[in-house]
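A, B and C label the chains in the order they appear, each numbered from 1.
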Amino acid sequence: MTARAASTNGQGGIRASDAGLALWFALAILFLFAPIAVSILYSFNAGVVGKQTAQFTGWTLDWYPAAWNDLALRRSVQTSLYVAFWAALIALAMGTSLGYALVRHPSARVRWWLSGLTYILLIVPEVVIGVSLLLFYAVTGVPLGAATLIAGITPAAIAVTALIVRARALTLDPRLEEAAADLGSTRSKTLWFIILPQLLPAILAGGLMSYAFCFDNLVVAAFLTTPTVNTLPVYLYGSLQYGPAPSVYAAATVVFLFTVTLLGLAALCFHLSRKPGRARPGGD
Amino acid sequence: MTRHLLLPQGSAKRTGFSRRSMLGLLGAAPAALAIQSAFPGSALAESAGGGALNVFSWPNYFSNDSLAEYARKSGVTPNITSYDSNETLFAKLNSPAGADFDLVIPSSSWIKQMADRGLLQEIDHSRLNLASLDQSLLNRDYDPGNKYSIPKDWGVLGVVYDPEAVGAEIKTWQDFLDAGAKPGVSGKVRLSDSGWETIGMSLWTHGKDWNKATEAEIRAAGEEIKAFAKHVKTFAGLDPNQLANGAIVLAQTNQGTARAAIALNPKLKFVVPGPMSELWVDNYAIPAKAPNLDQVYDFLAYQLEPEVQISETQYIGFPAALAGLRDKLPADTKNVDLIFGGKDLDFDKLTSFVVDPATIGVYLEVQTEIQAAAGG
Amino acid sequence: MSANPPIDATVAHPGGGRANARRAAPARWVDHGFAAVPTLWLALFFLAPLGFTVVYSFGNSLFGAVELGLTLKNYQTALSGFYLTTFLRTVQFAVTASALCLIVAFPVAYFIARKAGRFRTLALVLILVPYFSSFLVRVMSWQILLARGGVIETILNFLHLHDGPLDLLDTKTAVFIGMVYTYLPIAIVPLFVVLDRIPGPLLEASRDLGASRWQTFYAVTLPLARPGIATAVLLTAVPMLGEMVIPRLLGGSRGVLMGQAIQSQYMQSQNYALGSAMAVLVLIAVAILVAALARLTKGFATVPA
């Protein structure tokens, strides 16, 4: 978007430090993907007496139908996808709004309070949130369900989105908005056509991180799950102590591939929808 | 407590791999999930109707075969949700989240607390036949007359070890502590993460009753274990692989985990040390506000049928409460004695822990200190 | 609530005052809307429940319940020897792990933002993709990788960097590996966001003025990256303070950390009052960390013209 391309080949030629950086990056990718590769590989591991083993004992496809036939596991995956989707959507909207207000609210005092609020969201241990919510719902008599779980896991995701958006908004030049106003643009037009496109990468990153956060939420979810609403992490954590069956890896593999496919499709749509927009003056 | 170890021996034959189910999983599942994500409520509403049965249990604690059979017979598919500790179960039942549960599986240690707080309802014995159950598992201290609980299965606290690496026979908890301090064994020891199971070793050695020990006695016993803690490698759930590959050579654990480890490495031994050790019993119990009572009794009656009890035992690797179960298991069951905690398990030398609000905090606090003393 | 909200948003930018003065007055409802909607949501689903915790921390514990009161007894217990030690160890642990995480993350973020060229988006996506696989399953996979006879041992033996069985599982090293692993993407993202916004011409100007690459990095890039660093530290260190799963799965539950201690007060001792008091103390302590970081971010505002 900006002048990034210029610096890539700024001095011409590849330096040792650049090669070092590239190697470091490659190692980081290897590091990040190693456990995923392992979880996929071991979803085909025969194991011994139905247990996962560190040594690969032989290939089998049994764990995939076994995962499918495990009703509790299947249901927990459904619930997790559902809960994470809605929680991420809420967090995306709330977090963007909060992140922008953190930087641009006209009142310094309001910004001060909002900033305090954002940090409190992050510094409260999840276990405290979990118990507090359970007490809260008990006292207010709200019946637990998917909605209470979704509401309960959004705060941390909102904070993460807000901080990512804020980091980006902080680097925006305020004169951009002033210039737009000087040129007669209304505030909402400026927001929509100038600010939003600038913030978009951060917003999307925030939304996706929220999805991952919410899908993986364990501690708060552990307190708020009910007989009909139980998430995958809670199911997994429950089964950990007794050594989970390899079917868990099979389920995780399917969910991962599904999510990555969706991400890929989303990226493709985003890419396609942006292309014609290039011609418009909205860009840079 | 690490205990409910599962040995789903039937898993492979249970669900023979078929092309159709594979296709269903890879193709239909994501599609179905996508649709459910798009339409709020559809995924979660399905089980809320009448004739439901919501079971809150330890993970993977019912045989899939018998559940499927029950669903075929009754038309009701039990909806099973799982927890990882009695404490979680207690917290849930004690909150609005517990409102929908019909059947729960608390351990012997927590039955009394849950009953005292009015979280469980009395069981109508006229609707069930307990005559086929092992009488030594009925009418125990934690629930006289089985007012609130019916035994599901049971286990013991014992020691699994590699005789070669340890170089001694373990007969008492003192032997265990002595062996763990030896070079070559130290650093390869696993202790339970339950305060009463670690501190219990020392209490029993000194002839104390863990249900009657005073705070001072618990703390004094805890000091001994704290001094031992530097030899401990892990307090986390015991992975049988670690025992099989020699990363751990001496471990406090139940017979189910031991049996899995011995299946991987036959030179390991399991023993229930003296002078006393723990017997825990997991029980069927009905929450006070269970909404589907008729369904619960119907399901319980099914679970108590001898064939189901046998199938459950084979699936989870812990003995169900059926009387004379040992002789009813198929002859080809591997290491069958281990399911029952070894050949000559003496029930008179076993005691069940009962949570007492006055001392449970002390047990926990001392356990936290023990784990901290192990380093890190 | 009880903690002092740290100031740092006052930073916004030096030109803010001027901008506001010039801005048309009727537009303000937009700003209030942006602030009010998330605040209301959070007040309902976060602050109100949290209020209960603060109230509970002054109560008397009954087993599995709390009798409201006004006692400092819980705070006394929470500040007594053992828990204080636990707390200090937790802080030390989180700071170390967060620093390690940052050291690993910075070059990665720098590479993506400034060196990856047209593969930049792909590189960023690659960093984030693992995050969409279940956290618990990934940590369980680390158990397989780190176990005796596992992949790491095999590779190290193959490379002759190690000989014989390697017991990494259930060690402190394993916990650090797990911590860095888990929080790496979280650290990379904010760093990337700020590094991405540093104008290329600024760096070129620095070099044109005779600064070496390292001088440019130290004097231009690093200060400009400060808000990202502060955010990265915050996003990694704070959850590490409460981390329970990794120490349990990879560290054998040895050397109890604060998260586990609070959890067990709630879940095992059913002592909600003491657990609440410990939680409130953690909040206060973390607020101090945040205030320090806020100062770091504040420095940022003075740098760009």
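Note that in this section a contact is a pair of C-beta atoms (placed from the backbone, for glycine too) under 8 Å apart; a residue touches a chain by one contact, two chains touch by 3 or more.
Since the structure is predicted, the reported quantities are computational estimates derived from the model, not experimental observations.
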{"item": "Given subunit A and subunit B, the chains that contact each of them", "value": "C"}
{"item": "Reference subunit A; chain at largest CA-centroid distance", "value": "B"}
{"item": "Contact pairs, highest-scoring chain pair", "value": "A-C"}
{"item": "Subunit B-subunit C separation of Cα centroids, rounded to whole Å", "value": "36"}
{"item": "Subunit A and subunit C, separation of their C-alpha mean positions in angstrom", "value": "15"}
{"item": "Junction residues of subunit A - those touching two or more other chains", "value": "52, 54-55, 237, 240"}
{"item": "Overlap residues in subunit C, where contacts from two or more other chains coincide", "value": "143, 147-149, 249, 266"}
{"item": "Numbers and ranges of subunit B residues touching at least 2 other chains", "value": "88, 91, 239, 241, 245"}
{"item": "Touching residues (chain side subunit A, partner subunit C) in the complex", "value": "2-10, 17-18, 20-22, 24-25, 28-29, 31-36, 38-39, 42, 52, 54-55, 90, 94-95, 97-98, 100-106, 108, 110-117, 119-129, 131-133, 135-136, 139, 151-152, 154-155, 158, 160, 162-164, 167-168, 170-171, 174-175, 177-178, 181-182, 186-188, 191, 201-202, 205, 208-209, 211-212, 215-216, 218-219, 232-233, 236-237, 240, 244, 248-249, 252, 255-256, 259-260, 263, 267"}
{"item": "Partner subunit B, residues of subunit A touching it in the complex", "value": "48-55, 60-62, 64-72, 74-75, 77-79, 81-82, 85-86, 134, 137-138, 141-146, 222-230, 234-235, 237-243, 245, 247, 254, 258, 261-262"}
{"item": "Subunit C contact footprint on subunit B (complex, rising order)", "value": "85, 87-88, 90-91, 94, 113, 117, 193, 232-236, 239, 241-242, 245-247, 357, 360-361, 364-365, 368-369, 371-372, 374-376"}
{"item": "Contacting residues of subunit C [partner subunit B, same complex]", "value": "63-65, 82, 85-86, 143, 147-149, 165, 167, 169-170, 172, 175, 247-249, 251-256, 260-261, 264-271"}
{"item": "Subunit C to subunit A touching residues, read off their complex", "value": "1, 3-13, 15-16, 18-20, 22-24, 27-28, 30-31, 33-35, 37-39, 41-42, 44-50, 52-53, 56, 104, 107-108, 110-118, 120, 123, 125-145, 147-151, 181, 184-186, 189-190, 193-194, 196-197, 199-201, 203-204, 213, 227-228, 231, 234-235, 238-239, 241-242, 244-245, 249, 258-259, 262-263, 266, 272, 275-276, 279, 282-283, 286-287, 290, 294, 300"}
